[in-house]
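Shared between the two complexes below is chain A, which pairs with chain B and chain C, respectively.
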Partner chain A sequence: MPDSQDAPAADLPKARIATASLAGCFGCHMAILDIDERLIDLMALVEFDRSPLTDIKKFTKRCDIGIIEGGCCNEENVHVLQDFRENCDILIGLGQCAIMGGLPAMRNAIMHSDEPLRECLEEAYITGRYIRNKTHNIPNDPALPLLLDKVYACSEVVEMDYQIPGCAPTGDVIFETLSKLLTGKFRGFERETIKFD
Partner chain B sequence: MAEPRLIEISPLTRVEGHGKVTVHLDKEGMVDEARLHIVEFRGFERFIRGRLMWEVPVIVQRLCGICPVSHHLAAAKAMDMIAGVDELPPTAEKMRRLMHYGQVMQSHVLHFFHLAEPDLLFGFDAPAEKRNIFEVIREKPELGRRAILMRKFGQDIIEATAGKKIHGTAAIPGGVNRNLPIATRDQFLKDIEQMEAWALESLALARDYTLSHPDLVLGFAAFPSHYMSLVREGDGALDLYHGNLRAIDIWGGTIFDQLDYTKYHEVLVEDVRSWSYMKFPYIKELGPEKGWYRVGPLARMDTVDFIDTPLANAARDELIATNSGGATHAILANHWARMIEVVHCVEKIRELLHDPDLQGTDLQAKGDRREEGIAMIEAPRGNLIHHYKVDEKDQVTYCNLIVSTTHNNEGMNRAVTDVADKVISGRQTITEGMLNHIEVAIRAHDPCLSCATHALGQMPLQVELFDADGAMIDSRTRDA
Partner chain C sequence: MTAGETAGAPASGYQDQVAQICDSYDNDPHRMLDILRDVQDRFRWIARETMQTVAEKTGLTQIAVEGVASFYAFLSLAPKGRITIRLCDDIVDQFAGLPEVTESFEKALGIGIGETTSDGGFSLEYTPCIGMCDQAPAAMINDVIVTNLTPEKTRALVAALKSGKRPEDLISPDFDDLTPHQRAVTMVENNIRHAGAVLLGPAAPDAGLKNALDLTPSRIIKELEDSGLRGCGGAGFPTGRKWRFAAETEAERRFVICNADEGEPGTFKDRVLLTERPHLLIEGMTIAARAVGAREGLLYLRGEYIYLRDLLEEVLADRRARGLLGDGIMGVDGFDFDIRLQLGAGAYICGEEGALISSCEGLPGEPKTRPPFPVTRGYLGFPTVVNNVETLCHAARILDRGSKWFFDMGTEGSHGTKLFSVSGDCLNPGIYELPYGLSLKELLEMAGGEDAAAVLVGGPSGAMIARDTFDRKLTFDDLATGGAITVFSKDRNVLEIVEYYMSFFVHESCGYCTPCRVGNVLLQKAVAKFREGLANPEDIAYLKDLSGTIIETSRCGLGMTSPNPILSTLENFPLVYSAMAKPSKDRIRDTFDIQSAIDGARKLAKRRSYVFDRDFSQ
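The block that comes next holds the complex of A and B.
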């Protein structure tokens, strides 16, 4: 294996990147880690601000790029997304959940149901077999954030600047997008690089 | 029935945070109960109804991108049963096993190096900006690079066997849709020695950390509980892909053993509580108070009789020798157990790579259709249960899932209560130290909150303190 590389020139201003996982499965964040060794190169260009990959919970500075995984299924997701829009110059929707709701949004469209969310909750906590529910209530507590009536795509809530399709997008595509955005060379993708399963 | 609270989209302010803990005091100001709330809800069990059976292994893994292979394979195993297939062609079973060992390896490496290592390396009290993998890469480039390459090896195995690193498509009802080309196999064989050497060094790191911090390890939320995992049929060996169910009590005695896992509902029940979307499973015969148990790497070390690969087995013997009989309750020893399993996975991967069955062409078996399929697998974080019914049009009519983190729900809540009682009883404010302790207690259980919610090990935490009348007296959020 090659030895580690020398640290890059220390005083180049680095771009700040923040990431958040809303109603996603974390797969898109795993795909960011699939950048693999190139993470080390990327570290020369960027610094991470708030992100579940770091321990930073609130924005410490304005960020150049915000990356969002997942759509919005509860009030907290909306709040975080708005916070990202306010604090990031460029906001990127990463993966199908951010772009169009993805798997969680399957609950928006249960056939023959006027109240899909209620049906999902009842199946999980009341009518499901092998459960014990003494109160026959659906979990409901001030500590739980309010659920939205349905799962929303990020672009339904705030303006998004770029969307990277895929479930999950590959580490290659993510690396390309970031490094080209950071060097001002981003012109979109070749169709082949973003084809699906 | 209480109304679930629904809102239209509109700006609402509330502190965000995926994990939330509330602490409830009694009249004397002593901790009555502390709760870990899981605030996300998916509803998968309902909205999967009507989907076609072959779609399920592909869809369900999208619950969790951290260990998607576990869901992919558990669903595929359930669909095998529905397809009437009790035994896969050897090529199919071995491709799936290879995929699973790659998965457990990458997930454990991720947990240890990317998430826990910053704490171990820089200390629990290091500034928040420092506690992350990027800083490890910056300060210890060699260690950072090793972490990246070990995880990459696991991810590459997944890509070769499943088709994609995240959310693959290879497991189908009754088999798989690909084998392993010789050229790909040879690629992996080139790296396997290096992986074994690194796995053993990582194991030594985790073991030494555990043994050199006895106070931390033994004093930390190290209360007794029951444990449960699959064990191999017949000899009780560790088997992450398949086996029968075994549960042991706090003294290491048997609660049930070699139980056919399709009978899980005869021994397990899930309790619903109003304040969390995550349910609370317990062993039926012991009841909700006494019947809770834990799962995961450490639980597996205690429940199995031995490990069928030599290096990992010797390492397990060493771990088991540190407890004074019965089971190992020191939850922080989970790191050690996790690295033993990484060694085991590397040994298994090597064994499989040398097996010509991986180049076989008999990939899928057929059988007589059944309507119900129940499957279990040992996911990185512990036992995972998938249960489906499918009608004659191949459409799902019923689904029940119990994920690893859910099995540990009661244990995590007890750990939080235990810690809260020690550090906050009789006080009126929440200190930074308390946040730290609670976070470590939860993180030690390695909650994959993604399966029910989403937050990587480094959990943003909000803790609220309530008096006996339910009024909030203090609240504190872990900030940068």
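The block that comes next holds the complex of A and C.
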């Protein structure tokens, strides 16, 4: 099989990819799996390092690409994101939460309050109409990371190199973008692939 | 005000009074703005119940009435004090001592901005530019203008009002005996610093109108086309062409509207023309009516200039009595034209001609989709000529002295003279009538503002110019302006000025289209980030990108020009932005401060961060 397309790529060292889900719903990671059988083609080009997909919790070595789902709503998100920035050459924001804060950023709309965070938590755990919380307390286990004053987009915390829009982005867009990036052919998105009407 | 009113319901028997107001306007829904203004004047606010009565009388739904009532800043849906004090919060006023004046008002009245005293006596609020930048800080006290405010003056004003004096008594002890013109000039200085040949110099009364009556309508328009006159409100559309379009459209009725809604911050030239040359203006409107075949005219006066209402009504009545308005003007059979004064109610957007027409029609002041343009389908769907005050005055003078006389003044493409409203950090703020084509530097020298570090030409929708380009010319082709020249010294913070003007546009966007309603908020926030030192270098590109989107996708002139304060300062003061932008360290944003971001949660949870508090283990 001398004409196999994988042949040149197979000679190159595989690109290392790390992924993380911050303040997101894991939908974007699910969307990565929507690549379906093309995952096999992709795996010929890459190997995964730290990621929920591999269950590796810490970077084993420096990575070429970091993929981030979700924005930053707590201190742990910030910590992970900064860790990714330090250990990855290229950072990609995947989906609307990473790019703009997304659905979790709805709490940023509580702004005409002296203590927006308290107001948000009290409504979520104590005063909300449909809450059934018998403890009448806001959860405060020491293992819970501290929340930020508001939800930040990833680009507000570190520099991001690329952003793939969508909620969630389709498997096609993810595959196209990643494979073009890996072969150095990425020149931006085709309008047809990212428009929603 | 009765106890009932302060409790949130109108006085008893309100229905009859409201019905009476509606009857006085023939229950015409197109007069909604007048009706609601009168309701506001009578009850000091527009209660839900009164809106219901207005809706029944005019045959509209209550929500349609509420749509109008809630649109205009001077109409209030909550009870207002018997005396409403509106402080002009333009940036020029702020630099002229507004913070101290505000503080002294707040102290003297015992209320903050946006509040009403518990006895229903006073309300205090901010309002954007009221056209008094040459005598800032200024304020409206009900329908009265007070200027050159100081904390001492403020205390004296409040003491007099509290002792039961009317706002009018603050101006003159025998206010009621003064003529409307005397009242206007006692309240507000004209500050005419340089009178030119066309508008502010001597002129023979109604000479232009006399000449016009000897000409055919088409010949009048030809005269204007030959003069090179272009609209003086800012856009600069050739006036003759506008009139010709309207004249050539087949229609049963046609209208002439004078746009006296000069809301562009820093502009006050029309104020001076309305005070000193009202006859010339009406003459110009009458000529326009003759040219396009209009029988009806409207003079749309901005709500802030309500102190000129009596003056203008007197002028209209006088001209009617002298046969210069009404049926058979100057004895010409079949030349009938009359003018109705339409007051606005505090909405900048109504200076846009489509919004102005909406407002005249009794609707919220939202712009209309173009085309069709007003010259083909305007007020009530009929061809309508909308011209600025200055333009109409020019037209009257052109008919008097001829198109060549006018054409020979100024420069190629910008003919005649222009009124410049100079304000801010200069020795002689006021009105300068000068031929087009002089340089900004020359104007600054006349006004005693040579030391300026920055000059805003054409108000916030114009351009902010830096010292190195002060030799640019004031013409349509170089520095186009509706007349506002706002001077800023080296002590002023350019970003503060830009942020103020963005907050102005946020406030004045009518909210119809998203790019303008939301985009301007995002722009203001981005500029605020620069001021706080929290901006990234990439935010400069973001400002440009977002500005481009707003300009390209907005429906009317407001959104198409609102990013100008940012774009022109980015171009002419790039260092102001780059100096405030903080680069990242190792690609981690230096502008994101984790400590302040988790501070609230730390206090709520009563524990420290195990990630970011270094001494956590101790």
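Everything below uses one rule, namely that the second predicted complex is superposed on the first by the 167 of 197 C-alpha atoms of A that agree within 3 Å, B and C clash if a C-alpha of one lies under 4 Å from a C-alpha of the other, contacts with A are read in each partner's own complex, and residues count from 1 in each chain.
By our rule, a contact is a pair of C-beta atoms (placed from the backbone, for glycine too) under 8 Å apart; a residue touches a chain by one contact, two chains touch by 3 or more.
Since the model is a prediction, treat every value here as computed from it, not as a measurement.
A.B. asks: Determine, under the contact definition given at the top, whether A:121 touches first (chain B), second (chain C), both, or neither.
C.D. replies: Once the two structures are laid over each other on A, A:121 reaches both partners.
A.B. asks: For A:82, select first, second, both or neither according to whether it touches chain B, chain C, the two together, or no partner.
C.D. replies: So A:82 meets both chain B and chain C here.
A.B. asks: Going by the contact rule set out at the top, does A:157 touch chain B (first), chain C (second), both, or neither?
C.D. replies: It touches chain B and chain C both.
A.B. asks: Going by the touch definition up top, name the partner, chain B or chain C, that contacts more of chain A.
C.D. replies: B
A.B. asks: Let me test your reading of the model: by the given contact rule, A:146 touches which partner, first (chain B), second (chain C), both or neither?
C.D. replies: A:146 contacts both chain B and chain C.
A.B. asks: So, A:135: does it touch chain B (first), chain C (second), both, or neither?
C.D. replies: first
A.B. asks: Once the structures are superposed on A, label A:93 by its partner contacts, choosing first (chain B), second (chain C), both or neither.
C.D. replies: In the superposition, A:93 touches no partner, neither chain B nor chain C.
A.B. asks: On the A-aligned overlay, A:23 touches which partner chain: chain B = first, chain C = second, or both, or neither?
C.D. replies: first
A.B. asks: Should A:33 be classified as contacting the first partner (chain B), the second (chain C), both, or neither?
C.D. replies: So A:33 only meets chain B here.
A.B. asks: By the touch definition at the top of the document, which applies to A:71: first (chain B), second (chain C), both, or neither?
C.D. replies: In the superposition, A:71 contacts neither chain B nor chain C.
A.B. asks: What is the shared patch of chain A, the residues that chain B and chain C both contact?
C.D. replies: Comparing the two interfaces on chain A, one with chain B and one with chain C, the shared residues are 74-76, 78-79, 82, 116-118, 121, 138, 140, 144-149, 152, 156-157.
A.B. asks: What does chain A use to touch chain C in their complex?
C.D. replies: For chain A paired with chain C, touching residues are 74-76, 78-79, 82, 85-86, 115-118, 121, 138, 140, 142, 144-150, 152, 156-159.
A.B. asks: State the interface residues of chain A toward chain B in the complex, per the touch definition above.
C.D. replies: Where chain A meets chain B, its residues are 1, 3-5, 7, 21, 23-31, 33-34, 36-37, 39-40, 43, 48, 50, 52-58, 60, 70, 72-76, 78-80, 82-83, 102-104, 106-107, 110-111, 116-126, 128-141, 143-149, 152, 156-157, 167-168, 170-171, 197.
A.B. asks: If we count contacts the way the header does, which residues on chain C are in touch with chain A in the complex?
C.D. replies: So the residues of chain C touching chain A come out as 584, 586-589, 591-592, 594, 596-602, 604-607, 609-612.
A.B. asks: Residue numbers of chain B touching chain A in their complex, please.
C.D. replies: 1-9, 11-14, 16-17, 20, 22, 35, 37, 39-43, 45-50, 58-59, 62-66, 68, 110, 114, 118, 128-129, 131-134, 137-138, 141-142, 144-145, 148-149, 151-152, 155, 163-167, 169, 194, 265, 268-277, 279, 288, 400, 450, 454-456, 458, 460, 464, 477-480
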